[in-house]
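Data first, discussion second: the structure below is written as structure tokens.
Letters A, B, C and D name the chains as they come in the text, with residue numbers starting at 1 for each one.
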Amino acid sequence: MIKRIAVLTTGGDAPGMNAAIRAVVRCAVSKKVEVMGVFRGWWGLINDEMKPFDHRSVSGIINQGGTILKTGRCPEFKTREGQERAFANIKKNNIDGLIVIGGNGSFEAAHLFYERYKVPCVGIPASIDNDVNGIDYTIGVDTAINTALAAIDNIRDTATSMERIFVVEVMGRDCGFIALAVALAGGCEEVIIPERKFDLGAICHDIVEANLRGKMSWILVVAEGAGQAVDISKKITEMTSLETRPVILGHVQRGGRPTAVSRDLGLRLGQAAVDSLLSGVADKAVGFHGGKVVEVDFTTAIQKKELKIDTWYNLIKTLT
Amino acid sequence: MIKRIAVLTTGGDAPGMNAAIRAVVRCAVSKKVEVMGVFRGWWGLINDEMKPFDHRSVSGIINQGGTILKTGRCPEFKTREGQERAFANIKKNNIDGLIVIGGNGSFEAAHLFYERYKVPCVGIPASIDNDVNGIDYTIGVDTAINTALAAIDNIRDTATSMERIFVVEVMGRDCGFIALAVALAGGCEEVIIPERKFDLGAICHDIVEANLRGKMSWILVVAEGAGQAVDISKKITEMTSLETRPVILGHVQRGGRPTAVSRDLGLRLGQAAVDSLLSGVADKAVGFHGGKVVEVDFTTAIQKKELKIDTWYNLIKTLT
Amino acid sequence: MIKRIAVLTTGGDAPGMNAAIRAVVRCAVSKKVEVMGVFRGWWGLINDEMKPFDHRSVSGIINQGGTILKTGRCPEFKTREGQERAFANIKKNNIDGLIVIGGNGSFEAAHLFYERYKVPCVGIPASIDNDVNGIDYTIGVDTAINTALAAIDNIRDTATSMERIFVVEVMGRDCGFIALAVALAGGCEEVIIPERKFDLGAICHDIVEANLRGKMSWILVVAEGAGQAVDISKKITEMTSLETRPVILGHVQRGGRPTAVSRDLGLRLGQAAVDSLLSGVADKAVGFHGGKVVEVDFTTAIQKKELKIDTWYNLIKTLT
Amino acid sequence: MIKRIAVLTTGGDAPGMNAAIRAVVRCAVSKKVEVMGVFRGWWGLINDEMKPFDHRSVSGIINQGGTILKTGRCPEFKTREGQERAFANIKKNNIDGLIVIGGNGSFEAAHLFYERYKVPCVGIPASIDNDVNGIDYTIGVDTAINTALAAIDNIRDTATSMERIFVVEVMGRDCGFIALAVALAGGCEEVIIPERKFDLGAICHDIVEANLRGKMSWILVVAEGAGQAVDISKKITEMTSLETRPVILGHVQRGGRPTAVSRDLGLRLGQAAVDSLLSGVADKAVGFHGGKVVEVDFTTAIQKKELKIDTWYNLIKTLT
């Protein structure tokens, strides 16, 4: 029987992680289960940096970006020695199960750890990349999209007033989710993503042709994994002789007050993760799919997520 | 065959309506279908206030609140005479189908009109109340929730600093959706909604008891259909002798830049409505349910929507 | 010589108070002066609720609304007994001077206390009402105005879309500052303030006349001290037969992340207050006037502040 | 006597320009003076792209970023031929005076044009760089600072959660105003500006030393004119072995809804410019200085503006 669990956040921070922490702690406490808050992700397990959390420990955090547990990448946890130390600390602290809040890198590590030490572990998908397979949305992605969209709205003011071309680089190393979402909702003229080949010559041809018809301002969104705003911007100017400016939103997209969707998801999945862990689930992530809570094997969650790229892209082009 | 359609917005405005208008116009135009924009809802049909819309007519509106077509309640459309005039104008302008963007009041009117005159009509659910049955979310509700949430976050600063009790009245005449969503995501201590009886004496008892334990600030969210902030605030002060302040968010929740979710929904449902109407659908609304586009009979859409009130309410109470 | 000072926040909270606290603490510490943080305003002095603050005590608060020291009204401090206890605690804790962050009510109390006990006290004006005489802006008023303005922008969307009249009640019991600022920057059609008589009949006459010319939407801003939105709204409907809606922004205006201006003012005045107190100033408030830091006697600061009401009002009317 | 004036926006766009346009048009109209709106800055004068503006022409723009008149750089206006054509169009359209909304580049051009053709011209300072001499604030700078500050707040969430160093590049080619304002109000640890030499080795020394004391996150703000975030970020990593990330805010700072301060300034200076022009003023800019409207010769306005760099910088360092 599970009497004490530990909760940690790993990988990049995402807005709504604090809401998830709050729900994990308060739902567990309401079921008389003790909670240890582990600091700095896997690093805290390896170095025994953790402390007991109660109802009050998570007051006032629901609307804060980032994570009060702090987070980070942890190469040591990929070594046998690191894992042994983490396991020893889990035993020492009488921890019966783990809740890991993070993205698919976190779930891969959690799965390997489970394989070896059989400590029950349930994952809560939180990542601004929305790259967890088998569930619809990760915690944080809605906030990141809204932040990027506010930036696009600002840029549109200048693009229209000065009749310029802008290339806006958004997050997404392997995945065009944010770029597609922002391009659609921002009314952007073009989007370049890792999952889809692009022809800059053809794009420049469109720009020049539109320019002759009187359309003077363009916003191109590019996912960081598909190209760099500075390079693309330069090339467009070379090919079209039109003034082009790059913008790199970068880590601005990662922080900020979580939106209602990101908080709601954090709270509900925090509750679901506690329920799953207490009912004996291990080696799985919880998430919403088609409006319902589902449990997905870590090995499934870390697969490449399929997006309906063409439908999405075509709608963007129809609407501009 | 449908060669020309008309689009109108009716009932209360909701953020994202302009995104829907944009998608309806541009998707129709891309399929060589003409579009008439009708002004002031049903009133514009009755009074022949409409004009041709092209691709450019909907430029620069994607991030604007309200509706460029304007909207309003229209009692005349409930009369036989009003309907006759509307139908005559539809004939006169060679309109083969209607797209009505609005809430369940709009769909009820659209259904009655279809019953009598058989003008094909497809509805796009837009309303900040999220009260359309058979679909998950109406256009605008995500924006309204985020607006109310920002207000709650502000109030929390004062509630904590001054150790006061606040009663915040949010929209929702028959439906506690916004109130529940805001109470959960805002970390509020209590929520009062039309769908669930409440016992103010018991609430005051909880407040006093918590006060003795050192919890000095409370935020109670009340849906306008379940009570008035001013009254409830007064009663709490009478029963507890603690200072209480009412806040009425009112129409602030209705406007503002649409969030990513509200824009995305507007754009995708605009496209879906055009597709449905052109493929012969009539007397139905389009919407997302479980992540997929569905078509729902108007007669179903206007039924009372069931919410999992108790699960929701219990989570709110567990988390505070 | 001053070796230890105490800092407290009193009266209503205002965004930027935390920035002021941060500057007071860090500037004092940088000059080797110790700081006691007093909780709950005068109440904390009376009840000896205070603790030593160091550089780290004020980390991460610069962008938070409210006040980490908490605040409140304190009738006990108006009694001789309350003051005696406060003075005893000041002696007991070896406090050589006070920095009081608050509005003119706070300065009045501070002045009376100084008169009797001669504990040097410097005030930092923080109040969303901007009602401190002799200085240009209080900390917090810029944030409150921007918050109210965002609400007005939202309401404008609906006012325009639904062609309605709105009466928006903003803060300001004795002072129309927020109302005037919001009405001007929000492009509102009319403003009702305590400092200026108004004739609702004449306003309704204007509304009807404009309505006949095709101007259908109006936003009237009313300062709470000059009338209640609900009443005025009802009367306008009675007199004009036009639909009118009231909105009460209330305490939403008080919280929220401080704007750049409110933070900047908090930080600079925090520094100035420490400098003044250490250089021997007492019984005065610091503030900016005409771009320069000035010291104003508490007795002057609490006088009625003169505003150029007519110039302001006329500009609002010219611009609508 | 002046019967007809023209208004144009030149140089980079700034939030609040639309408020200024609104005030110019409505104040002139209220004094029975006709207004021509000139499009695309000087280019519109050269190419006779202008049209009559009335009260209604400027409805609904007060809260919009950018400029409805559009803007841009115009090298042709530096040529004799360009100026001749502009002057010919001014004569042709019976324009008796110009109001130019822009920064010091705009005022330099306006001054040269006045010298040669003696067309009365009054400038309204609008620029996000706050680089106009003799006045306190340009229209737009408050909005730009708040936008950058919101980005810094977001980055702080990640900096704290992941314990990283960030280098954030803000606007400011010759002027550190935005960088200093953002660094102070954002609680940033360091700021690099064109007006002040910096020693990256010393900064890295501080970072490492603080790191040993447990301070893990830093935000360095750099004005674009003083260095590039990408380069500085790389060098810090080389010198300290600590992970560092660059962020380039770029044109996001230029757009967006104007803040209350930017709107207020736009409206009041719009009024002042009309008053000055009608009273016979020429070759001057209007602005606020020490809380009062002043008129500044264009030749003074374009001088290098002095900032109290050291005081500002020292306060930033004291407070971190």
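By our rule, contacts are C-beta pairs under 8 Å (C-beta built on N, C-alpha and C of every residue); 3 or more make two chains touch, one makes a residue touch a chain.
Fair warning: this is a prediction, and the values are worked out from it, not measured in the lab.
Hopping across touching chains, the smallest step count from subunit B to subunit D is 2. Counting C-beta pairs in contact across C-D and across A-D gives the higher total for A-D.
Placing every chain at the mean of its C-alpha atoms, the farthest one from subunit A is found to be C. Averaged C-alpha coordinates put the centre of subunit C at 28 Å from the centre of subunit D.
Centre-to-centre separation between subunit A and subunit D, using Cα means, comes to 35 Å. Each of the following residues of subunit A touches two or more other chains: 153, 156, 160. Residues of subunit D that touch subunit C in their complex: 19, 22-23, 26-27, 30, 60, 62-63, 136, 142, 145-146, 149, 153, 156, 160, 181-182, 184-187, 257, 259-261, 263-264, 267-268, 271, 289-292, 315, 318-319. Touching subunit B in their complex are the following residues of subunit C: 9, 12-13, 15, 40, 64-67, 70-72, 147, 150-151, 153-158, 160-163, 166, 245-256.
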